[in-house]
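Below, each structure is written out as structure tokens.
Paired with chain B in one complex and with chain C in the other, chain A is shared by the two complexes that follow.
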Partner chain A sequence: MVKLIGALLVLVSASMVGWQISRSYAKRPVQLRALLVALQMLETEIVYGLTPLQRAFVKVGQRVQKEIGNIFLSAAELLEQGGALSAEESLQKAILRHGAQTALRKQERDVLASLSQVLGSSDREDQQKHLRLAVTHLRGLEEEARAEQNKYEKMYKSLGFLGGLLVVILMF
Partner chain B sequence: MDFDLTPVFQIGAVGFITAILHTVLKQAGKEDIAHWATLVGFIIVLYMVAHSVGDLFTEVKRVFLFK
Partner chain C sequence: MMDKVDKEGSSMQEIMAILPASVRSIMTTLPSAVLEVLEEIRLRQNQPLEIRYGQQTSYVTPAGQITANARQGWIFTQEHVVKLLNQVSQHSLYALEEELKRGYITVVGGHRIGIAGKVVLERGEVKGIRDVTSFNVRIAREKKGVAQKVMPYLFEKGNLQNTLVISPPMCGKTTLLRDIARQVSYGSEWSSSRKVGIVDERSELAGCLQGVPQRDVGPRTDVLDACPKAIGMMMLIRSMSPDALIVDEIGRPEDGDAVWEAIHAGVAVICSAHGSDVGEVARRPMLGKLIHHGAFTRYIVLSRARGVGTIQGIYDSSLNPVRKEQPAWSS
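The block that comes next holds the complex of A and B.
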């Protein structure tokens, strides 16, 4: 009886691991889309609203999905603290702090990081140009993420379950 | 004479799961990993079979060499 419970426990936990990995694949396109929306809002704020960067970050951060919004909110907070952090440094720090909670990979973080070098340090047109560039870049990554989701989401689910089953049978 | 059938079923199940793993990985386009998974499954089964054959040898020794 104890053996059976243990087997069930192993099986369930292995399936959960597979499920968790597959969920990160499902989350990535959604978060990328949120990031796209965020950047477009930021463009509006910068180009048409002429909002100061800190307030623009807060506005954007409150309106998009939570995990993505946290990055912007944290960046705004760091800017406001006024520890002589530039916009670039505060955004980089925010990415470091909240990046692990999102499903974003290094590529997206790099796009954001290179964008941060321009934000708040040049004129409107230049920032708009770079925002557009980042948006097109992220669009490509989103397509890629969607293709990967179709390919690997199911695979990791069944892989977790089958791996658990294999362990159970080997130990039974 | 009691014959334990558990190892037989175990080997069968491992082979079955390996086959499914291979198909799943192949469908996801990771054929190289699929081949590795099959190889690992094969090695596991080989290990189990080697154990059983070793048992058989000691049994044969016990019966014919009167130890």
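The block that comes next holds the complex of A and C.
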């Protein structure tokens, strides 16, 4: 009886681990999409609305998915504090602070970081160019993420379950 | 008096808030006697920090001392340029395109920062300034009550007269216009309160920030901010039916037409022009025409003879000194 319960526990936890890993594969394209939407909104705010960066960050941050939005909200907060930090520093800090809670990888963070270097420091046309460049970059990464999702999401789910099953069989 | 001190303090605070921390810490160590009369802070890349106060100019040392020796001055570097631009533009240079085209930026409190640097052209027109290297921070001081002395001369039988304020630069012309606007809008012993329209092409009169006047221009005042004067005057007449129109620094031919139009639309126009006396201004083509046709019935000439805002004389259309109008309630 005890053995049976133990086997069941192993099976459940192994499937959970598999499910957890597969979920991060599913999350990444969703968050990448949110980031794309955020950058496009930022483009509208900057190019057409001429909204100051801090307010643009707040507006965008409130409207997109929470994990991504938090990065922008936190950058806006840092920008507001006495104005000692530049736009670049605030965005980088925000990425450091909230990046870990997202499924974003280093590549995406690098795109954001290089965008942060020019954000707010040139005229409209230039801003638009850089924002578009970042968007194209992220589109490529999004496709990649979707391909990975298709490949690995199911695999890790079944791998977890099957791995657990293997351990159970070996135990008996 | 207390009120005035508070005002002065707050305008200094507004200026301090936009300066980068390094400049701010030096500026705050300046003697308060200097800060009180500070007019301009001039910052040029790789050059010493220069200030203009009262009637004099000096450099400032890193320790916050005033010096006449440029070598001892605190040097404003490229890093500070970037910081100041960030601060002034709120990290959003793209939002200042129009301002960079005109060459100056208006900040909270109506203070004006003139800029110079490398000009970028597009099809022969100035598109903006890139690589900004020089800043001229002009501190706008609101002096309530400066129009008190001229108000009695601006009315004839209770009617507000078309007035031209003539003054060389930095003699308090804008300050006087603003206070006239305020007094006409609030009403005084010479007239009941009236609707005032201000066309504030350079955002100096009302010092608008996002359309809201930062200076007290009165409760019945409508401000058309950053609008070209000639178009603005026509717009206001059609849309806001003002009793008085106030504009700063008219000079272009189309401004003259608009003033002419406004006067004949039954609106009192109070405007200003650069010059040192009526004769000099009358030699300018557009203003000369207006003056010869008797568009203005009052001329106020300002100078710096006894400090900023000295009233040199007030004349009527035939250039005779004007007599004071009696307060409305006594006639």
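Basically, the second predicted complex is superposed on the first by the 171 of 172 C-alpha atoms of A that agree within 3 Å, B and C clash if a C-alpha of one lies under 4 Å from a C-alpha of the other, contacts with A are read in each partner's own complex, and residues count from 1 in each chain.
Note that a contact is a pair of C-beta atoms (placed from the backbone, for glycine too) under 8 Å apart; a residue touches a chain by one contact, two chains touch by 3 or more.
Worth saying up front: this structure is predicted, and the values here are computed from it rather than measured.
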item: Touched partner set for A:Gly164, first chain B, second chain C, both or neither; value: neither
item: Comparison of chain B and chain C by chain A residues contacted; value: C
item: Chain B versus chain C as contact partner of A:Phe172, first or second or both or neither; value: first
item: First (chain B), second (chain C), both or neither touched by A:Gly69; value: neither
item: Chain B versus chain C as contact partner of A:Ala87, first or second or both or neither; value: second
item: Chain B versus chain C as contact partner of A:Pro29, first or second or both or neither; value: neither
item: Contacts of A:Lys151 with chain B and chain C, given as first, second, both or neither; value: first
item: Touching partner for A:Gly120 - first (chain B), second (chain C), both, neither; value: second
item: Chain A contact footprint on chain B (complex, rising order); value: 6, 10, 13-14, 17, 20-21, 24-25, 27-30, 44
item: Residues on chain A engaged by chain B in the complex (per definition of touch); value: 151-152, 154-155, 158-159, 162, 165-166, 169-170, 172
item: Contact set on chain C toward chain A in their complex; value: 21, 82-83, 86-87, 89-95, 97, 100, 128
item: Chain C partner contacts - residues on chain A that touch it in the complex; value: 46-47, 50-54, 56, 79, 83-84, 86-87, 119-124, 126-127
